[in-house]
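First comes the structure, then the notes that go with it.
Note that the chains take the letters A, B, C and D in the order they are written out, and that residue 1 is the start of every chain.
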């Protein structure tokens, strides 16, 4: 059997089983669409968590009276610490201005403090992730010229388990979704195969080898899976573009992952999944009927 | 050549369909299998192409012990055997032409060969103008002839025909039997289970009579006689 | 009573199966329909129980124009007609007993009535010990007899038998025909499509002969004669 | 046909179609399980948002020197405002202590301020939701004895669109999931019906009325749906209990909805959905075969 023959056979079969093909393709499309929505949500939550984590910092309060050269030396030392991504210098005047802004209506507390600014110059140190913060803080504390180290210990202690819970929960959920989707798709394909057990047994009685029976059905499963996946991918793309647009307009400060490279990758992933699971579901359901 | 050695068959539900059948159908012979309804004719036929395995005893086809065949070898056994099933077993989603062509594709025939031989075989059974019809669009007798065309299209070494004229009028039945006799003359071993007394009596060939699963008569130039 | 008035039937795929058939089978008559394979016998039968509608002309069953029936009324037409289908049409996931019982449940028979009549009917066709078998576990002839049992269990006004002995040996065939004649004697109109020349010749009943969709002969005490 | 007869018929049919029944029941179970996980997640996000929203407050800064009676009158007035749920009095000493705590390492700023505490007594006013805050703030500003009104204007302006986006997005997602699940289930049932078209046509030829055919298949669809739903409900219950436990241990400050009344309600919902959609899927797929 040539490839063209098998493909032709599969296409004809899809058409002659029109009702079944329709039912199974739409099931594949719907379940992959849901999976896609879910993956998109997961990618965006991940992105959001990363963005928030990226804003966590270690504050190094510097000894008074360091000269320009000492400052640059120290900055180089800090930048060389493992896990550090960025170091920003903040003078004590800038710090006071920021504090005043943060206090807002209670800024009157700071009245008269200007002349005798009790704050210190500092470095804001950003790290590769919240897990690095304690480490960087400890290492920096030992450097000459660093008088004191501050970081949002409480916030980090709350945030770290939270983000890791989100990560873990998200992974579990994505895993569940992927398994469930694959299960539903392969089960759907299985139902279409079960409905043809009679035909399959006739083919065997006429002398068809297992692979002669398997190839067209494998291809048919892949076609159904691919078709469903394509529909799901287009649907997910449109829906995501619409949602991103809506988020930009309504809550522009929420970081969203841009549509374009993501939609392509997702589409490819879905089509791959659809084809593989459709084919695999077909072949696995066939086992029961072959080799007996 | 088909050999049965002390073959018994009980189905999983407990029905004992055959008891100690021993018989040899030499290469090139034409044999009828007759007997009342439920006597075990179809079961005997099924043992040959290994749709079912004997409970005890041995079945040899062209010297091969059919029960000992590896599953992967079964398709190759079946390619040498053409079968007209009592219930036709046409593929419902393939046309008559495609059903016959399928049997050729199974054995790896070239598209050219298929395009040549399928119409010729349909012609032989009188179905040329029904090639495009699906089984559900064929009359009972037409389905039976399509099944026959599928069974003979590969020029098998052995032809098993289970009641191949049950849905055919006497004239067409007789033509079909002539066709089977012709195929037999060209060297194919033919085993035909039938109830057509007129045909059996007229053909004067070997007649194996079963009753309640036992071989009760085996005559060389026999007749139906109850 | 069954009346055909100038009935023609073309199938959707273009096959013209019947041309201008006019015939009346009075209440209580027993009529054979014969003719070569593909002549249109099954199609004629299908028109009576409205499996298919005529392309032109009218079919009346007990005075009712079958084509004009509302869909909701069709089941009630069919309950008065017993049909032995050429391909049996047994429900594959029901046992022989359940298949026959199903026909009774359809007409709303009481469980007691069912428990009484189903075994009696299976007995009549010689299948008492096969009640628990599924169709796939029955021989061809046994399936055919199960189909017959289902057709007669409700004592229908009209019995349509499409090739009811195609898979039966001559002796059993003759018994079955005697059964049909007996049922006919009790008042049921019987229309039997068949290829069994011996039976038709022996029964000496009305014979309607079709050929290529045309009614070519209609004799009161006829024979098969080609 | 009595009910017992139909039920018996349906049960026998489920058993004799064992393979198909298995494939469709598991599909129903898996898709309802996913829906359940999703609903549980949605309920919890909703709960979390509500909790966060509940912590938003309006701060009423009071004129100095109000006596006990005036304070109580004012509290009564504020409590009577539409949308107010709770009013808590905070003395200026308490306020200073809180501020000191909030400033943490920078509390040295407040040195020497103790004697001349510049803060004011205040009411913390909680509302029925963030949408009430502006309204309550405006109304309270007009009351005698209220000198000044403060609330996290910026936070609320950010939070409100965010929570409404979460609500809207959640609703869209839940709606999508529900539709998809129903679709998958009814499509699965449809496949099992399609596989029996032959049997159905035989029943019709033997004189069965549409309802005679429909009843057992309707019941069969409901049974499959119910069975799948029960499996899904038990699975979701276990999974949720496990997850809640995990959350309590790892991130105890996250508010979760307790397992028990929720799991019962969810189980009932799933079983209802399963049965209804199974039955409906059955009946709708039958339409094609009946009335012809």
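Note that in this section a residue touches a chain if its C-beta (ideal position, glycine included) is under 8 Å from a C-beta of that chain, and two chains touch if they have at least 3 such contacts.
Quick caveat, the model's predicted, so the values are computed rather than measured.
Visitor: Counting one step per pair of touching chains, how far is subunit D from subunit A at the shortest?
Guide: 1
Visitor: Farthest chain from subunit D, going by the mean of C-alpha atoms per chain?
Guide: B
Visitor: Between subunit A and subunit C, tell me the centre distance in angstrom, where each centre is the average of that chain's C-alpha atoms.
Guide: Chain centroid spacing, subunit A to subunit C, equals 67 Å.
Visitor: Between subunit A and subunit B, what is the gap in Å from one C-alpha centre to the other?
Guide: Result: the chain centres lie 62 Å from each other.
Visitor: Subunit B to subunit C: how many Å between their CA centres?
Guide: Result: the chain centres lie 28 Å from each other.
Visitor: What are the residues of subunit D that contact at least two other chains?
Guide: Within subunit D, no residue touches at least two other chains.
Visitor: Hey, what residues on subunit B touch two or more of the other chains?
Guide: Residues of subunit B never touch two or more of the other chains.
Visitor: What topology does the chain touch graph have (line, ring, star, complete, other)?
Guide: Contact pattern: a closed ring, each chain touching exactly two others.
Visitor: Any two chains that touch count here, so list every such pair.
Guide: The set of touching chain pairs is A-B, A-D, B-C, C-D.
Visitor: Over in the complex, which subunit C residues touch subunit D? Could you list them?
Guide: Subunit C reaches subunit D through residues 49, 51, 71-72, 74-79, 81, 83, 85, 89-93, 102-103, 105-107, 150.
Visitor: Flag every residue of subunit A that touches subunit D in the complex, lowest number first.
Guide: Spelled out, the residues of subunit A in touch with subunit D are 19-20, 23-24, 26-27, 30-31, 33-34, 37, 41, 99, 105-106, 108-110, 113, 118-119, 148, 150, 158, 161-162, 164-165, 169, 173, 176-177, 180, 183-184, 187-188, 190-192, 194-195, 243, 246-247, 250-251, 253-254, 288.
Visitor: Given the complex with subunit B, which residues does subunit C contribute to the contact?
Guide: Listed in rising order, the residues are 11, 13, 15, 34-38, 41-42, 86-87, 132-133, 137, 139-142, 144-145, 162-163, 166-173, 195, 197-198, 224, 226.
Visitor: If you look only at subunit D, which of its residues touch subunit C in the complex?
Guide: Residue positions touching the partner: 1, 5, 13, 16-17, 198-199, 202-210, 212, 291-292.
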